[in-house]
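Which chain is which? They are A, B, C and D, in the order written, and residues in each are numbered from 1.
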Amino acid sequence: MVTNETKRPISPGAEEELGQVHSVLDKGEVELVDYVGSDRTVARAARTSYQGSEGKSEEADQRLILRLWKDRHTSPFEMVGLTFRIRLPIFVMRQHVRHRTASLNEWSFRYTECPELFFVPDHDNVRGQGKTNKQVGEGKLDEDAATKARTLIDGVNHHAYKTYRLLLELGVAREQARVVLPVSAYTQIVWSMDMRNLLHYFSLRLAPDAQKEIRDYAIVMARIVKKGWPMIWNAFAEGNDPLDQ
Amino acid sequence: MVTNETKRPISPGAEEELGQVHSVLDKGEVELVDYVGSDRTVARAARTSYQGSEGKSEEADQRLILRLWKDRHTSPFEMVGLTFRIRLPIFVMRQHVRHRTASLNEWSFRYTECPELFFVPDHDNVRGQGKTNKQVGEGKLDEDAATKARTLIDGVNHHAYKTYRLLLELGVAREQARVVLPVSAYTQIVWSMDMRNLLHYFSLRLAPDAQKEIRDYAIVMARIVKKGWPMIWNAFAEGNDPLDQ
Amino acid sequence: MVTNETKRPISPGAEEELGQVHSVLDKGEVELVDYVGSDRTVARAARTSYQGSEGKSEEADQRLILRLWKDRHTSPFEMVGLTFRIRLPIFVMRQHVRHRTASLNEWSFRYTECPELFFVPDHDNVRGQGKTNKQVGEGKLDEDAATKARTLIDGVNHHAYKTYRLLLELGVAREQARVVLPVSAYTQIVWSMDMRNLLHYFSLRLAPDAQKEIRDYAIVMARIVKKGWPMIWNAFAEGNDPLDQ
Amino acid sequence: MVTNETKRPISPGAEEELGQVHSVLDKGEVELVDYVGSDRTVARAARTSYQGSEGKSEEADQRLILRLWKDRHTSPFEMVGLTFRIRLPIFVMRQHVRHRTASLNEWSFRYTECPELFFVPDHDNVRGQGKTNKQVGEGKLDEDAATKARTLIDGVNHHAYKTYRLLLELGVAREQARVVLPVSAYTQIVWSMDMRNLLHYFSLRLAPDAQKEIRDYAIVMARIVKKGWPMIWNAFAEGNDPLDQ
């Protein structure tokens, strides 16, 4: 990536991350493509309300950030923002898009053709149905069942994609041909969120009852935040870091 | 439906609509299930800023509503809201959910099983690929191609649903089994939006370049607004009613 | 108020409230003017995701609402909404308007003249400056100081209003004459918020560190919610009702 | 300002602006303090939906941005954001804060004391009341009236501030003493907005019926956008640049 000079605040940890592509699931990707603001940006924004405090030490900033978070004085956290490029299956995307405070651009399969890129769970990650919590997957299926499940899922993916190509060859419009694509199909988004709402996203999507496939995406993004905005992460994770579990 | 007494403003046209189920596409539905505010609510909210004007005539209200809309003074339109129950294919839902100002609850296929309910385009609505606008479907495919396309789509729907059932029988968690479902699968939402944002939704989704399948939903909802909130619809559609085209 | 027949869900407690004007501070008012949805609306919206459960008992609804709140599954609470008419001093309004999820219409002093209506704290509510929490007021000032403070505040109110009238008589535009009005001046809003965001507002504005003058408004609105939506209030206030403190 | 190296996209025009303090009104200020994204960021975000188009020329980017804006495909514009420090009178702030999509931190006069900094209109900018549009100020008052108006406004400002200090000396809490401050008092905010919503703000606040005092702020910010994001400004202002009027 090209390097430029800027007068903007920078986060050294985030700079290291820019352009690094992280793998998620079997064919997914997460990449930080832009950001605004550093840890100190939060402290500086807060001090607009708390005047007269330039030239504060890093320790003072960390104390302030901890207190802001504890007092639920969250607006200064909106002055920091991250933009990710994410490749993810449609069923994960369908949960992602529910976070309404994000900005989002997605591949349009009205405009371009869907590539042959489908999710199949790893062999040791085919899960059984939860008994107590009716909503979640629990435990691993035995080897045979897992193999069978993978073959079945793969079969639908192939059949659907072959049919998709046939429909296009028949002359069917892309916007209609796409209806046969399963929600295992990968799509790609540019996804931008301010830090306040990103932390809220983490608090829901890193939780134990989140679906593993979406939690895997949240974990990668949370690690990037921890690296690039360590003071903010400390405040969020104080005494109970979800990345240590 | 039970009838109750209320001191709230009512819209007679909306009252008639409550509980009426409208069919959309092959298996879709739209039903108005709740609402708040009438035409006059907009005028009354605006007069909070324009004081001293109770007991105004309907003509004065209509004039005010027209002027508010023309002057883009849209906040009074947020005091009216509609709540719909909508059954729609996932590919339509994926566009719906992009309207971030709505409130939304959706069936969760993590929690319950997906019913066997899939979209197949009508025979005379299998469209070809647009040439000038690369994004849209244009014209009808010939009879043979349309028949073939419908058979192909139906084939994927059946195969996917059979596989979905097999995965559940194998013991695979619902949250994973669902990945084989095509975006033609119907889901159901409760969808609530204030009038300002609903009109913005109409201006995008009733436009000629909107996909026909989502426009069909927008048309049904627009007719309900026209019937229940005729003054507001007049202001929105003045001189160019998208429902007359 | 006129009574109408409606097929919409109603809240009996909210119906009693409609049109009741509650006094707040020295000249403030709060009045419920419209609403949408009852307790059961939340349960019904949630069951769109949890299918197949019409005809449930009230006990089942209450259990569901408690669980939804505890699990932070808050979207069904957005299907209920309240609209208030509120007369409040500008300094309270300036905090109110920070709740960005609300819809709002306010008197415009560009368009009409400001009435002579200003806040002066009650004699036994002139507070001293907090020592430990630098942000809040604490304790009462002694009788003499309170009397003096009230006279001083009243003096500015009168001088400012007299000057405001003089400026208008000079021919100065309303939009400029208003700059002399102190933030003790009362304004009026129509304010609409869904229940999810209203509960969030309560959690911040009923807290001990909220300014007393805004907490007084929050208390009146919270009592209306408790009366009209008792199951929702139970879930919010479980084991720790802020109205009992 | 310190210069750092960054791998992020930069806008050369915006870099020049960082740290430049622009004067507005008699004592107001606007300063760009941070930003994210350049013109090309919009094109790149759009191409996530329009795949396969790295290495495009600047001309192709400009054409795409023009088309996106014309087609109201506005989500890619949300990937660019600007953060300003703004010093502005409370009556201007009260209009600013109505733009709910912004992030905002403001001086708190609960926490710190208000400085003696009040708006008085310039001698040649004391306006008369509009006749046709009842909302706006129109024309200039004659010399004598203008002098008188300025003296009157100045008088309230001084009296209010002197009283404010007296109240603090009496021991009255800051959160109560502030109620005597007129809306001519200057406050300070950090204000962050994405480009899509900033352009919407311009379309309302650069309009002829906006109050001159807020339009003055919008003009300074619009010039910064024009300098730092010329392609976006071209698309917004095509054929009718509000800065040329």
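The rule we apply is simple: a residue touches a chain if its C-beta (ideal position, glycine included) is under 8 Å from a C-beta of that chain, and two chains touch if they have at least 3 such contacts.
Values in this document were obtained by computation on a predicted structure and should not be read as measured data.
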Most distant chain from chain C by Cα centroid: A
Self-contact between copies chain A and chain B, residue sets same or different by half: same
Rounded Å distance between chain A and chain B, as computed from the means of their C-alpha atoms: 28
Whole-Å gap separating chain B and chain D, where each centre is the average of the chain's CA atoms: 36
For chain D, residues that touch 2 or more chains besides their own: 104, 108, 111
Complex interface listing, chain B residues touching chain A: 89-91, 94, 97-98, 100-101, 104, 108, 110-111, 119, 121, 126-130, 134-138, 141, 145, 148-149, 152-153, 155-157, 159-160, 163, 166-168, 170-176, 178-184, 211
Interface residues, chain A side, partner chain D - complex: 1-10, 15, 18-19, 34-37, 41, 44-46, 48-52, 75-76, 78-79, 81, 83, 85, 103-108, 111-112, 188-190, 192, 194
